[in-house]
Structures are given as C-alpha cells and as structure tokens.
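First the structure, which I've put down as structure tokens, then a few questions once you've had a look.
By letter and in written order, the chains are A, B, C and D; residue numbering begins at 1 in each of them.
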Amino acid sequence: MIITLLLLPVAVALVCLLLNRYTKLVETASVLGAGLLLLLGSVLVLHVFEEGIIDEGMWYLDQLGAFMLLIIVLIGFLAILYSVPYMRHEHESGEVSSNMLGLYYTFLFLFIFTMVLVVVSNNLGIVWIAVEGTTLVSAFLVGFYNKGTSLEAAWKYLIICSIGISLALLGTIFVYASSIDVLGENSDLHWTSLMAVAGQLDPAFLKIGFVLVLIGYGTKVGLAPMHTWLPDAHSQAPSPVSALLSGVLLNCAMYAVLRYHILMTHSSIGGAFSSGLLLLFGLLSLGIAAAFIITQKDYKRLLAYSSIEHMGIIAIGFGFGGFWGIFGALLHMFNHSMTKALLFFGAGNVLQKYKTKSIDGVRGLSRTMPVTSILLLMGALAITGSPPFSVFTSEIMVLTGGIDQGNILPALLYAGMIVIIFAAFMGHVVRMIFGDPPEGMEKGEVNKAGLIPMIALVVIILVMGIFIPDGLSDALRDIVALFGGQV
Amino acid sequence: MDSNNLFYILLALALFGAPLAAALNNRPKISAAVAFGASAMASLVGLIIGADVLLNGPMRLDFPFSSPFGTFAFAVDGLSALFIIIISLVTFAVSIYSLGYVRHYYGKYPVGLMGSLFNIFYVSMIMVVSSSNAILFLIMWETMSLSSYFLVIFESREKGTVASGLFYLIMTHIGTAAITIGFILMYSESGSFEFSSFHGAALGMSDLLRSSVFALWLVGFGTKAGIIPFHTWLPMAHPAAPSNISSLMSAVMVKTAIYMLIRCYFGFLGVQDAWWGVIVLAVACVSALLGVMYALIESDIKRMLAFSTVENIGIILMALGVAMIFQSYGLKELAALALIAALMHVLSHALFKSLLFMGAGSVLYAAHTRNMEKLGGLAKRMPYTSLMFFIGVLSIAAIPPLTGFVSEWLIFQSMLQSFNIPDAIVKILIPVALGTLAITGALAAAAFLKAYGITFLARPRSEEAERAEEVPRTMLVGMGILSALCILAGVLSFMILPVMDDVTSPLVGVSIGEHLISGFLIVPTVGEFSQMSPLLIGVLLTSVFVGVLAITHLYGGRRKVVRADTWDCGTPLTSRTEYSGRGFSNPINRMFSWVYHPLRVFRSTSHISPYVKSDMRYTSTIEPVFERYFYEPMEVGVRWLARKVSVIQTGSIQTYLGYIFVVLILLLVVLR
Amino acid sequence: MLNSLSLDAINTLAAIILLTDFMLVASSRMRSLTRIFAIQSLALGALAAVVAFETGAEHIYIVAVLSIVLKAVIIPRFINYATTKIQVKREVEPLVKIPGSLLICAAITLLAYFVTEPLMQQGTAITSNCLAISFASVLIGMFLMVSRRKAITEVIGLLVVENGVFLAAISTTYSMPMIVELGVFFDVLVGVIIMGLFAFRINRTFDSIDASILRGLKD
Amino acid sequence: MLLAMIQTLFLLALAPLFTGLIRKFKAFFQGRQGPSVLQPYRDLTKLFHKDSVISKDASWLFTATPYICMTAVITAALMIPFFTTSSINFIGDIIVVVYLFGMMRFFMALAGLDAGSAFGGMGSSREMTISAMVEPTILLSIFTMALISGTTRLGEISFNLATTGLDLVPPALFLALAAFFISTLAENARVPVDNPATHLELTMIHEAMILEHSGKQLALMEWSSMTKLLLYLVIMANTFLPWGIATEVTPMALVIGILAVILKITLFSLAIAIIESSMAKMRLFRLPNLLTVSFSLSLLAVMSFYIL
C-alpha cells in the first residue's frame, strides 16, 4: 500500500521526464498523477484515522504521519492544479522553454516523493536521507529561472540546509548511540523500537542528540536564527513551488523534529527539556519574523517571513504543551499550509500581472483583478489570525495552552507579537489592494483557471474556522496522546 | 411560532439577502432593494424575537456539531433580548433610510457589495449579543469588526478612507486580543469556554488574577466602545464610513461592548471590589468630558457626532461605574437603579445618535459637504430633514420630556443616592462625577446647538448649501421612525423602565420594578426622595404652550408681522457676516486652551499701507494630543526596533553560516 | 581483550584527522585543500577498516572502502576538475587571516573536548575517545565555511563536516545500519555533484563563484 | 394644584415688579431718581401692542422661541413653591426645573443664531459658554440641599427645612447658598457677568440674543427672563432659607408665607442692586475665575456636609 504511494510520484516523474517534448501530455499526466496521489493518500489517511496505525516494519504510518501525509497530498494536488495555468503562462511569456517545463513537473513530483518518504518511513536514518533529498531536489526548483538572484537563492539554500542537515545526521547518530546499550548491536534506527525502550535510552547522548537534531532540522523548518535561507528561496522559486516549500516542506522538517521531541518526552529526561528549547526558538522566530514583516518591501518575502512566524507559532505550541498547546499546534500546521498556499497562489497571480515583487509597485488590485484581490484579502486576514478563518482557532488554542500551562509571560509575548504582525501585514496588503493602479494597467485576471484552487482553499479555511470534522479532531486527540498530553 | 424558528428565519433572511445582493451587484437598483429589504425584514424578525424572549423567557439554539471548545449555541436571555431589540430597531430604520441614501453611489461604488456586507454586519451584531460560548463570541465579534471595517472603507477612493479604516481594524484587533486573554484566564479557572460556566468562576480566582481580567476587559471592550484614550479610531472611522453605516456603528455597534461589559462585570466577575467601579467611573468622566469638548470645537459634522459618541459612552459608563460601586457595597436596589439608568441611556443614545447620523447623511446627500462652515440655511431648503435633526438635537441636549432627558435624570438620581455609601472617600468622589456630568450635559447642549444652528439656520455659506433640496422620501421615513421613537421613548419611559428592570434583576439580584413606577410617575428610590413623570411634563408643556399662544394672540389684539432684513449695521448681509461655527466655540476653546493646545495663526498682507489690509487669514487648529503623545511614539518605537533587528539579514552566506555556528556552540556549552 | 596495537592505530589515525583539519585551515591554495581533504578521507577510511577488523563487523569494511573510494578519490578529482573548468583563482582568500584562524581552531578543539568529555565517560565503544576529534572536525569544517570566501571552499568545508560526522558515527556506534550508511553516502555524492552543477551555473551568470559577491538578496 | 396655579400667577404678576425694584434700588445707590418700579409693566404693555419685524433669514424656530421660553418658565414656576410648600412638584423635582431653564436658554440661543447676524451668534456663543460653567455649580448646590433635606422635591425640601429649627442646619447650607447666588447672577445676565442695562453690542450677552425680536415676541422674551430671575430668587428663598413659608394651608400661615417670601426676595434684590452698583462687569475671559470660585464653594458645601 505505502509502497505504491511511494512509487506513484516517481513513476509520474519518469513519465514527465520522458514526455517532456509534449507539454500537453506532461500536464495531463501530472494532473492525473496528482489526483491519483490525492486519492490514494486520502484512502491511506482515512484508513489510519479509522482503523489505526499501519506498521510494515520499514514503512510506518501513525496518525501523526497520516496527518502530515494529508497535508502533503492535498497541497501537492492543488499546487499541480495551479501550476498548469501558471507555468503555461510563464511558458507563453517566454520565461521557460518547453523541455524545462517537463523538467519542472519531474522535479515537482520527485519533491513530493521525498516529502512522502519523510512521513512514511519508520527508520530515522531514512527520514534523514529523505529530508536531505528534499533539499537536493527542491534546490533545482528554487533555481528554476536561471536568473542571478534565483541561482543565488538556490546556492544559499543548498549550502545552509546541507550544513544544517549534517548536524541533524550527527544528532541522529547520537540518538542511535544512546540506544546501543539497550538494543545492542542489532539496534536498527526504527522509531518504533526506540519508542519501545524510550525510558532506558542514555540521557547524555539523547540530550546532545536532540540539540543537534533541533538545530539541524530546525534550519530546514526555518526557525530563527537558522531561517536565513528561507526568504530568499521562497521568494525566488516559482509561486506554486513556494506554496509547496512553505506549506508542506517546513511541516515535514517540523515533523522530523517532533519525532525526536516525542522520544524525549518519553525518555528519562522528560519533555521539559525539549519543550523549553522549542519554546525558545519559537519565540525567537516570532520576534524576528515580526521585525522583518514590519520593514518588508517585497511581498513574496513578506509571505516567506510570515511562514517563519507561523513555524514559530507551531514550535511555541509544542513548547507550551498540554492538550491545547499540542492540539493547537497540530491544527495550526494544517491551517497554515492551506492559508499560505492560498496566499502564494494569489501572489503568483499578482506577480504575473504586475511583473514586480515590490509592494510599492503594486497598487489598486481591487480594480485591476477584483477576484484575486478579494481572495488575497481573505487570505491575509486569515493568516494574521482573524476569525472566522481557521488560523484564528489554532492560534487561540496555542494561547490557551500557554496560559493554561502557566507560561503567562511567553503567552503574553506571543499574543503581543501576533497583534503587531497583524498590524504590519495588513498594512502592506491593504496598500497593495487599494489605491490607484499604475497607468496602462488594464482590468482583468491573468490566470483564471488558477482561481479554482484558491477558491477551494478559501472554502477549506472558512469551514475549518467554525467546524472541525470529528474524524480529524479524534485523530488529533490520538496524536496529543502520543505526545503524552492528557486529552 | 417559537423564537428558535424565528432565529432561523432571521439568519436565513440576512444570509440569503447578502449573497443575492452581491450577485446583483451590477444592477444597483434591484440589489439595493433586495439587500435592504432583506435587512429590514430580518430586523423586524429580530424585534419579534426580542419581544418574545422578554415575554416568554429565554431561548437557546444549539449548533448541530460540537467543537473542541465545547458546545456552540446561540442563547438569548433578557439582556441579549433588550440589545437585540435596540439593534433591530435602529437597523430597521437605517435599512429604510439606506434605500434612498445609496442612490448617490449608483455607478460610483458597488452598492450590492455594501448591501450584502450590511446584512452580514447586522447578523453578526445579533450573534454577538446572543453567543453563549467565549470562542463563538470572539468569532462573531471579529466578524462584526471585519464587516464594519469593509463598510468603513467602502468609499475607498476618497482620500484617507483606507488609512482610517486600517487604523480602526488594528485598534479593534488589539482590543480583541485583550478580551481573548481575559476569556482564557477565565477558562483556566472554570475549565470551559461556555459563558454559563464563567458565572461565579471568579470567586475562586486570586485578587490579582481577577483584577487583571477586569482590566483586560475594560481595555478590550473599552477600545470598541471608544473610551479615552482608546477612542481615536471613532473620529477617524465614523466620518470615513457611509452615513448609514456610521449611524449603525456609532449607535449600535459600540453598544455591543457595553453589553459585554455589563455581562462580564455583573454576570461573570461579580463585582466585589469597590475600586473597580471607581476606575470605571474615572475613565467614564474623562471620556465624557474630553469627548464633548472635542465635539464642541469640531466643524466636521460627522467627526463631531463621533466625538459625541465618545461622550455618551462616557455617560453610560458613569452610570455603570456607579452601579458597580453600589453593587460592591451590597446596595442592590441602588445598583439596579444605576444599571437601569445606564441601559436607558444606551437606548436613548442608540435612537438619537442614529437619527443624527442619518440627518448628517441627508445633509451630505443634499449639500455634498460635511463641513459646517460651508452649510447653513438648510432649515428652509430641507424642512423635514431639519425638523427631524432638530428632534434628535433636542433629545441629545436632554430637553424635557425627550428620551435623553429621562436617562440623564435617572443617572443624576442614582448619583444623588451616593450618600448611602459607607466609604467616605468614595462618597466624596461621586459628587465630583456629578459635577462632571452636569458640565458635560451643558457642553453637549452647546455643541449640538452649534451643530444645528450653524448647519440649518440663517443663511447658506456656500453654493452647494444654496442649491440643496429635500432628500428622497425613503430617507425621510427612516429618520421619521427614529424621531418619533425619540419622543415616545421619553414620554412613555414609564412603560419601558419595567422591562429594563426585568433585564437587570437577574444580574443585580434584586428587582425594583414594583416601586420604580407608580402610575405615570417614575420613583427612582423608595420613599419621598424624588419623582418625575415625563408624560405629565409633556402634557403640561403642551397645554401651557397652547395657553401662552392663545393669550398672546388675544392680548394686545392681532398685530401684523413684517418680514425684513436682519439689522446689519449698514454693511451688506453676506454669509461672511454670519457667526461661524469656529467663532461660536471660540470662547470655550480659549478658556480650556490647556486641554486643546490650540494653534492660532493670523496672517494679513497689506501692500498700500499697514492700515489697509488686502487679505486676512485666520487659522485655528488644535493639537491631536492622543495621536501625538500616545500612538505615534509607540509606532515609531516599534519601527525603529524592527529596523535595528532587520540588519541581521546581511545577504552574505558566511554570516548566515556564522549564526548557525554560534547557536550550535552556545547551546552545546550551555546545555553540556 | 583489546589489541593495544589497533588502539594505537586508531588513535594515530584520529590524530592525523585532527592534524589535517588544521592543515586545511592553514593552507592557502585550492589545490592543497583538495589534496589534504583526500588524505583526511583516506585516514578516515583506514580508521574504519581498523575498527572493522577489531569488531569483526563486515559491513564496516564496505563503509571503509566506500569512504575511501568516494571521498578520497572521486570527490577530490571532481572538485579539481570543477576548479580548473571554471578558472578559480588559486588563492583561498580567507575572511579571517590564517594565524587567527589557527588560534580559533585551537580554541574550537578545546571546546569540542569540553563538550564531549562527559559523553566519552559514557561511551562504551573502543573508539569512544575519538569523539572529541570528530566534534572538532565538525566545528572546524563549519568554521572553514564561515571564514572562507570561495564557494568551492564552502563545499570542502561541508565535506569536512561530513567526515567529522562519519568519524562520530564510527567512534560512538561502529557506524550505522547498512541501509542508512549507503543512503548517506549516496546523498553526499549527489549533494556534491549538485553543488558542482550550481557552481557552474553561478559561474556562468556571475563569471565568478566568489560566494561573497552573492549578496543580491537581503533586507 | 389650585394653589400651585395661583402661586404661578402671582409669580408672573410680580416678576416685572421686582425687576423694577432692582432698577429703583440701583438708581438710589447711583443717586438718581430713576424710573418708577412699575416701568417694566408699561414696557411690556407697550410691546404687546406693537407690530413685530422678523428677519427674512429666520426660520419658524425664531418665531416659536418666545412662546417656548414662556412655556418653560411657567412650567418651572408650577413646580416651585412660592408662599406655600405645596406645588405640583410631584411631576418633577428641582433637577427638572433646572432642565426647564436649560430648555429656555437653549431655544433663546438658537433664536439668536437664527437671524444670522453676528451679534446674535456672539450672544448665544457666550451664553452657552457661561451656562456650561454654571451648570455644575447649580447641580452641586442642589445636591447639598438634597443631602440636607433628604429629597430633591422642592416642596419637601422647604417643608423639611422649615419644620427643623435653625440649630440643626449645617454650614454646608450657607456655602451652597453662596454658590447658588453667584450662579443666579450668571444665569440671569446680571453684573458682573453681564450688564442688563448696556446696549453696546460687543459687550452684551443676553440682550444680543434677543436683539432681533420685536413686538409681542420681545415682550414674551423680556417677561420670561424677568420671571426666570424671580424664580431663581424664589428658589433661593424657599429652598435655602424657607423659614416662614406656609407649611399647611391656613389663612394665617398663607399671609405669613406671602409676607416672608416677599421680604426675602426684596432683600435679595437689594443685594443684587448693591453688587451691580458697586462693581463693574467682568471681561468674558476673566469669568472662569469667578465661576470656578462658585464651583469650589459648592463642592466644599458637599464635602463639609460629609466631613462635619
């Protein structure tokens, strides 16, 4: 079952590679593939949510993994759906050649493959390999437009994430070392087997191991101050890729950290250590993101920094712990992915219309492209945590977690930061949407087909704002239990 | 039909009206009819619901699904019902008014969009006052804020509209954050987000915790209500918004904050500490006094009305604060009296402020300017509008026996009772508040006298005012309803007050209904202390008036009346020889210059000789104290900090790697 | 039970690795950088082989061979090829002068010892005392990346870090499960190749791969 | 009820007399012979028989104002005890009375603006300014009376005070009386706040407002103002020093009541006359000092009641 899930994207990637002469075929193939992937993925997810964990030794899918898988396949599908009109427009405007188009889809699917690999593999070593793989593959997508800036972004992305990832490897080795005494020579790095003996793991190795893992994968998550690659990469990549990067990739990296966090909470060290570190990095990220959001001049970078902010919020949520903290953080992973994807799609439309990424260059969206502007405004309100959109719910949960667990001061800091970010972010977006459009800018949407996935996303975040399906919330409760939080 | 179904109908009406209107956006006439028709009907249903609840007891409407935050439900009890009635009354009148008012937007702005937002706005207000769960409340609260925000920036092409809208949005968001934290603190005590669980939860809290919840709610809801110093968004947003919207916002939306304050303080926290009441009273006095002073010197009619809202919120909070003080000393009857007075003033202000805003809207519609100095003489050109505006002015100036008078009288009475308070300090503080209320009332009278006199009386001061003519009938009907209500709510207040008593008795714990009203008389307290009957006063006034009229006509025979020019000292009568609005408020401006920090510039150019002035200019502006000394520094500070932080993104990869290196080493060393 | 000869061998090799770290920091020529890196990898492979011999775990032989083949032969050649292909100037151009760098590296080594000291008490593996050195070479590798201007030097620094990690793996747990090891090697190889490709493309666009001119993106 | 009406008629009838009386006193102090005390009656009669001229710019409000002012005054008069404590004060207490005076002022000021002349505007502006600063003083002194007598109903106040002996009366009462007296001067356009005798437009306040009225309207305006003045004096007499007022309806008591109240009012008029002839009108922007003094007096009254 899981094998097919893994093979499918690879197969599609190969098809795209082979057919890259025939753009139409490539597009249909990738849309079909993505649809199939969504189908298969959701079947698996449902199975896990209903029947429970799938354990095939090498491959392992519990509620946490399934939750991640859900995000991956959903955003993956929508991103492909959006890519078709978007990249075609790029192709027509001569940005990319036709066989580059083929390569684009190839790498997109490889990217998805690596991310799926992250969440379905039981072996922490494989998880590491997969995460490294995501870097290597997505580097191509980041540097896709052979321009100077995009190459620079890709280079920084590659180097910084590789160094981070090798620290993560060191951490993995230490965690492995901590298990040697218990499991002996034949100890495989399987998370399940580690969990089984979590109590007896050697604390000294585990501790330093977690620190290294946190810094290592944290670099990929985009926790400050290891976040530096993120704004460059996200702003230079093609918009659908940016959506995947900040909507899904960051979550996958966070997922890797969480596995170790869970290990820590069950180990003799106890959760306080890792939670404390998560809280620290979370607050730091939130603060730094706030600063950059205030002074931002480029709207794609604005979105990138907002991703840093939200990764910070998620980290804070897990740092707070308790039912509300963890539940909220998990929910926030989902909500943030959906909302951020929506925003990046919107930004893509704006970019193709106005041909500039500078906030000051964009004025009067409400008159030039009304639908996009409304969707964008909704997205902006949602991402900054206004009801009735779903991000609000999860942010409130995290805040509740903080106050409920007695972390009053961090909770207040968190709330204050969120308000400041709201003000700054809305300030930028409102300036873009209203005012007089630059002369010679005629009315009309550039990317009508691209509006469909955006509307779908708006519906999702609106519904999730009021109503969380029971199946999902039950699964989330199971995950909270996995973290040892009382339900 | 029970009120649950009615509630469904209300939601259905508004929530189908909204998208339909939006869909018909490019057929403005029809979509306006649809939208405001829907809202009018919905508000009628709202009235029925409110009445039904007040007569037959509370209703509750559970959501079909459960949420992690516990059960969501709409529950309407007495207090909610009262506010639903107030909201619906105003909305009904405003919807009818809007039918005519939006005409001048045809082709300029998307009327359908406004209509749909209007419906959403109304429904969200109804839901705010009927939410039974903190989170549900917050969602509805923000929906209300957002819909009102979009309505504020409706005229997005006008200068400054978007900016003031943004400021409003940010302010209200800050308020919401404070409210949220307050709720979560309550949750951490009660273990549930449902309002029902909050009751008495505060008893287990530590003093610090309880007081901080009190403060958070005061700030949070105060921001929405527009207490000073969080009032600055009102005078920005209300003028920017279309007049029908500003009348809704100013008359009703800010009241939802009052609703929550009453519910939170009397319902959830249970007023224990006297100093809470004192703080509320102090804030209220400042808001009332400063609000009316700014209103007095304002010459933009809608800004002036906005400031007057700040003032009236202050007056309401005065009564609330007094009620809290009484409650904290266990003087329940008096607390009930003060609370009833507060609610009465909520009602009155809702009525006359929406009426006045609609009047201002009509002036805007007819003369295309909000600047009093360019208006004048409208009383002859638009007689009905001026009459209705005048009724509004009379009731806000508390002229007996109109509604504003009744509520202010009640507040005075409750303050006069302060001698029952055991604590001497508090006892002496309240007369000061009474003095503040008195001067506030007098200044308000002056302010609205100016507003009416300069805008409607004497000669027009500009071409537009010259050409102004009466507004469409629908607008007049909308205003007519409310002006009638302004009179009735005053004269028939002896029928309204018992309802208020039913609403307050569960909150305060005692009902004073049986002795509050005897016949036509209002007897605020037991015994002979004082009594008053607006109805009889009204009767008396009219009969005496008729008498005076008759006698004057009989005595001295019939004399003819000559129309002639005003005496002009020989100079030609132009609009320049009239007394200007700024001139009118100048004495106050000078006497209280320590409040206003006025900046006067007198420039005169003379080329022939210093005695012959060819051109004279006099400008007098006042310093925006709160913006300059409170908000701007904050923003500047934050920006400065942000710039300082953002140097870390140097662009050089070596630095980036350096960060990781340093973090790694630090953590390794610290956590060894 | 432990054969003192092989213990000496292990310690010597570890010492060589540390020495090569310092030589890397000290050298000012690109060519010598790659050469020294090759030597280091060789020493690493040898160390792995000794460990394999000691513990009799066959799969570590494979690891040893792989590391020698990959890191001591293929990758250095590839880098040299790249550097010649895109005529990189032969100087290393350090941001921190060489004497200073050396002092810092000395400090780093002390720090590494300070950090890993408790672990070495814990460690049961015969090689556990290599841990400090592995840590040192990880940190020194990072320091190379921070303090050298060229893009290529960053790749080499990264590889040094990888070597350190690898040494850590051997010294704590006699290397990881086979599958993981293979995956790691694969990733390293692919990583280096991809970096090389990007180096080419960057060179084509900027006609230089001086990483410190890549500063178009900032706030 | 009936009594109240009779009292009101009395008040209306006596109002011009006392205005004349004050003028007579002033004339005496200024060493003039002065017009007869009946002069105001003559003026009013004359005005009632004159045609009236109304400005073209004025609206219906201008015409209605005089009647409304008169109405307000009469209604107030009905609630104020004159020579007996019984009035129809069950429909409104002293606060209502104050608000009725406020109503009168409000309409007067509006009418002042309505004609569109600079003087009218000036007058109304100053009138409203002064009243704004007088209002708190009046209400605080009323508050003091309410505290002392335990009610705000005028009749009861005077009844309670009249039936208690002087010895029970606290000093607060006299502080309040002083404050109220100053406010009376301010409210009724007397020196030092305003000069009823002046006809120099730039200095006048009250006169400026009614500048445009003529004929019957002017008569009503004047008459209502005179009555207002008298009413203030009566309030002072009957709420602050009500001794002698008829507490029950017997011929004897009524006679005493009438005599007592007339005596008191005469004394007050004398005081006003003395002030008016002994001091000059203040500049508008020096008024705040005076009014602040009165305000602090009234505040002091309340505090002294609580503390002493």
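Here is the rule we go by: a contact is a pair of C-beta atoms (placed from the backbone, for glycine too) under 8 Å apart; a residue touches a chain by one contact, two chains touch by 3 or more.
Since the model is a prediction, treat every value here as computed from it, not as a measurement.
A.B. asks: Looking only at C-beta pairs in contact, point me to the busier pair out of B-C and A-C.
C.D. replies: Of the two interfaces, B-C and A-C, more C-beta pairs touch across A-C.
A.B. asks: Taking each chain's centre as its mean C-alpha position, how far apart are chain C and chain D in Å?
C.D. replies: Going by mean C-alpha positions, chain C sits 101 Å from chain D.
A.B. asks: Round to the nearest whole Å and give the separation of the Cα centres of chain A and chain D.
C.D. replies: 78
A.B. asks: Which whole number of Å gives the spacing of the CA centres of chain B and chain C?
C.D. replies: Whole-Å distance between the two chain centres: 71.
A.B. asks: With chain centres taken as the means of their Cα atoms, state the distance from chain A to chain C in Å.
C.D. replies: 31
A.B. asks: Do you know which chain C residues sit against two or more other chains?
C.D. replies: Those would be 115, 118, 142, 145, 154, 211, 214-217, 219.
A.B. asks: Which parts of chain A, given as residue numbers and ranges, touch two or more other chains?
C.D. replies: 155-156, 159, 163, 167, 208, 231, 292, 295
A.B. asks: List, in ascending order, every residue of chain D touching at least 2 other chains.
C.D. replies: none
A.B. asks: So which chains actually touch one another? I want all the pairs, not just one.
C.D. replies: A-B, A-C, B-C, B-D
A.B. asks: In their complex, what parts of chain C are in touch with chain A?
C.D. replies: 57, 115, 118-119, 122-125, 138, 142, 145, 151, 154, 158, 161-162, 164-165, 168-169, 172-174, 176-177, 179-180, 183-184, 186-187, 190-191, 194-195, 198, 201-202, 205-206, 211, 214-217, 219
A.B. asks: Enumerate the contact residues on chain B facing chain C in the complex.
C.D. replies: 646, 649-654, 657-658, 660-661, 664-665, 668-669, 672
A.B. asks: Could you please specify the touching residues of chain D with respect to chain B in the complex?
C.D. replies: Interface residues on chain D, with respect to chain B: 45, 48-61, 63, 67-68, 70-72, 74-75, 78, 90-93, 95-96, 99-100, 102-103, 106, 109-110, 113-118, 120-122, 124-126, 128-129, 131-136, 138-140, 143, 146-147, 150-153, 156, 211-212, 215-216, 220, 284-285, 288, 295, 298-299, 302-303, 306-307.
A.B. asks: For the complex, give me every residue of chain B touching chain A.
C.D. replies: Against chain A, the touching part of chain B is residues 65-68, 72, 135, 138-143, 146, 153, 156, 162, 165-166, 169-170, 173-174, 177, 180-181, 184-185, 187-188, 638-639, 641-643, 645-646, 648-649, 653, 655-657, 659-660, 663-664, 667-668, 671.
A.B. asks: In their shared complex, at which residues does chain B touch chain D?
C.D. replies: Residues 376-377, 379-380, 386, 390, 397-400, 405, 409, 412-413, 416, 419, 424, 427-428, 431-432, 434-436, 438-439, 441-443, 445-446, 449, 452-454, 456-459, 521, 528-533, 536-537, 540-541, 544-545, 547-549, 552, 555-557, 559-568, 573, 577-579, 583-588, 590-591 of chain B touch chain D in their complex.
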